[in-house]
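In the two complexes below, chain A is the common chain; its partner is chain B in one and chain C in the other.
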Partner chain A sequence: MPTATYIPLQTITLSSSASSVTFGSIPGSYKSLVLVANYSHTASDVDALVYLRFNGDSSNGSMVGMRGNGSTTASYTQANMFMSYAGGITTTRGNSIIQIEDYSATDKHKTSLVRSDLSNLKTEAIANRWASTSAVTSIALVSSAYSFASGSTFSLYGIAG
Partner chain B sequence: MTMQVIQHIELSSASSTIDFTNIPQNFTDLSVALSLRSSSAPSSSAINDGGITFNGSNSNKSGRLLYGQGSAAASATYTDLYIWYPTSLATANTFGNISITIPNYANGNVKSTSHDIVTENNATFSYTMIFAGLWNSTAAITSLQIYANGTTFVAGSSATLYGILKGSDGTTTVS
Partner chain C sequence: MPIPLGILAAAGVRAAGGSYEHIQTYNVGSSGSIASVSFNVASYASTYQHLQIRAVVSAANTAQWMNIGFNEVTSAGSYYSHFIRGTGSAVNSFASGGEGLGAAYMAKFSSNPTAAVIDILDPFEAKNKTVRALTGNATAETFGGPIMLWSGQYMSTSSVTSVEIYASSTTFNAGSRISIYGLKAS
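Up next, the complex of A and B:
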């Protein structure tokens, strides 16, 4: 029998809209984490974005990203971490996939790779860094404007090393 | 087991399609891993396009692309769920890799897809691409076809369909 390596940790399907989603009490026994979000927002807004926060920390984050909106490309850096940055948010369903390597290590900063795909707005790739050697025990997705819509799903998986 | 192989198909002879049918409905998400190369070059290029079709439907599909080819980046919109792969003009024995994620494939919402694509080629003409797709249908996905436009996938091209189950470990919370 093969050893299971892709372990479901928790999933939420929103029964009502929510401005943020937080995974907490994340066990430190895996090598990596993968978070899969399939979601829409309650309204569209070209300036809105979704923050990614570890352990409730709104500081100590940075990112470099790139996006294509179907006609132009852009690349950017910010002093914060994001699940979705450029192009805005939409009421059309899209995906974000976040991979966090060595999330429980205490001897390194934490990097995460994000793909955010909103088919009527953009495709985006982001590399985040959390400048902390603390183990990641919680992950929050915070919408800057308008909530995640009811029916949006967020699933967290642990990847065994 | 959370991530399970539903089916693996490796072509023993050239074919213009790779088909998964009767997809079980008991998983949460689907993931598709592709290794593709075409037998000809319809556009006289080292890469060619194709796409994916759900439930035999060729309508209500759209997407946005971002790609780089070593000297420039560009973006485009499409009315299909596109993939790209190396052709017979690419370096011999070289296949492209594609990973497609389809969350909530069996629920009653429209279906969004995320494609990560590399068209391998030991030359100055190869692409890395990311694609945001949408099948604007609330139908559960019961079949999936990967197709080549104007050509066939060579023998040795393969596709693996995975089912991924959500769940709870009893420790991690969510709010």
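Up next, the complex of A and C:
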């Protein structure tokens, strides 16, 4: 019997700028998480990026990504996880959607898929890996420079499976 | 307001109550691996407008495809697809046509699986069926696409009655999970 899912867990709307956003106390009762971010930054910086961190861990991440910026393409790897990596940040509003599959499993590392689109900078796709068999109980988005601007929204959804 | 559809969610708004439903999940258990799963969706033609596959998979052999097919059709020329992949050092693009749609490129690390979110659009309408996906694994492979965006088409106007997910030239490892969801029209 099909069951309704795609449950909103939490939405964070910034009433003032913030350098990071954290979803905590994530229940382990779903199969997938989807994080939808609609945001801008307080300044533009071609070298800045947004880290993705699970359970506050900044040591056990890696990624493979690719992006197009309207004139060139690039693919890259990093020893960290990201919501947005190449192309920088901007004061123009952009969006990212992060899919985290089997986030509460304790027999595997966690693979997450990201689409990030900043219309005046790039379109980007990333596969992240968190090399931990711990269940994900918190998700943090950390801007490497400047802050997420007031009015930015971040929503977390749980999908049963 | 459009219903969020996997990676295509334009604004990520909440799905209207009951419009996104979990239909079925296959879990590959520790007792053995499997080569394919099949979802019977014939009874859902009047219920859902779109379908979505969410999967976390690894394979017995590395650098193998997770394929998607419909109505058990495997004849040549039934499917066409394009994809863009990032290998960690290069971006390239490919097109293919054949007996199935290669949806995700799998590594063989059960502890570090490949994730896939696959949207099947209008599967029950009298039109060729379009499929699109974001798939990836952060483990760089010698050959293949750790991060991929792809789109495909099933060249048939018949209603989809079954969705097959199969491991090409290999089997899915224990710990793999493949789920199917339905999205209702507004």
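Just so we're on the same page, the second predicted complex is superposed on the first by the 159 of 161 C-alpha atoms of A that agree within 3 Å, B and C clash if a C-alpha of one lies under 4 Å from a C-alpha of the other, contacts with A are read in each partner's own complex, and residues count from 1 in each chain.
Throughout what follows, contacts are C-beta pairs under 8 Å (C-beta built on N, C-alpha and C of every residue); 3 or more make two chains touch, one makes a residue touch a chain.
Please read these numbers as outputs of a predicted model, since none were measured by experiment.
Participant: Are chain B and chain C a fit on chain A, or do they clash, once the structures share the same frame?
Facilitator: clash
Participant: By the touch definition at the top of the document, which applies to A:Thr111: first (chain B), second (chain C), both, or neither?
Facilitator: second
Participant: Given the touch rule stated above, what does A:Asn120 touch, chain B (first), chain C (second), both, or neither?
Facilitator: A:Asn120 contacts chain B only, not chain C.
Participant: Go through the superposed model and pick first if A:Asn128 touches only chain B, second if only chain C, both, or neither.
Facilitator: In the superposition, A:Asn128 contacts chain C only.
Participant: First (chain B), second (chain C), both or neither: which does A:Gln99 touch?
Facilitator: second
Participant: Which of the two partners, first being chain B and second being chain C, lies in contact with A:Ser62: first, second, both, or neither?
Facilitator: After superposing on A, A:Ser62 lies in contact with chain C but is clear of chain B.
Participant: For A:Gly70, using the defined touch cut-off, is the partner it touches chain B, chain C, both, or neither? Pick first, second, both or neither.
Facilitator: First partner only.
Participant: Once chain A of both complexes is superposed, is A:Val21 in touch with chain B (first), chain C (second), both, or neither?
Facilitator: first
Participant: Applying the document's definition of touch, where does A:Gly161 land relative to chain B and chain C: first, second, both, or neither?
Facilitator: The second partner, chain C, only.
Participant: Hey, which part of chain B ends up inside chain C in the overlay, 4-12, 40-48 or 76-84?
Facilitator: 4-12
Participant: Take the contacts of chain A with chain B and those with chain C, and give the residues found in both.
Facilitator: On chain A, the residues that contact chain B in one structure and chain C in the other are 2, 4-6, 8, 36-38, 66, 68, 73, 95, 97, 115, 125, 155, 157.
Participant: Quick check: in the complex, which residue numbers of chain A touch chain C?
Facilitator: Contact set of chain A toward chain C: 2-6, 8, 31-32, 34, 36-38, 62-66, 68, 73-77, 95, 97, 99, 101-102, 105, 107-109, 111-113, 115, 125-129, 131, 133, 155, 157, 159-161.
Participant: Could you list, by residue number, the parts of chain A that touch chain B in their complex?
Facilitator: That would be residues 2, 4-12, 21-27, 36-38, 66-73, 92-95, 97, 115, 117-125, 151, 153-158 of chain A.
Participant: Give every residue of chain C touching chain A within the complex, in rising order.
Facilitator: Touch list, chain C to chain A: 4, 6-7, 9, 11-12, 14-15, 17-23, 25, 44, 47, 54-56, 84-91, 110-115, 117, 134-140, 146-149, 175, 177, 179, 181-182.
Participant: For a test of understanding, state which residues of chain B touch chain A in their complex under the given definition.
Facilitator: 1-3, 28-29, 62-67, 73-77, 101, 103-104, 109-114, 116, 130-134, 164-169, 171-175
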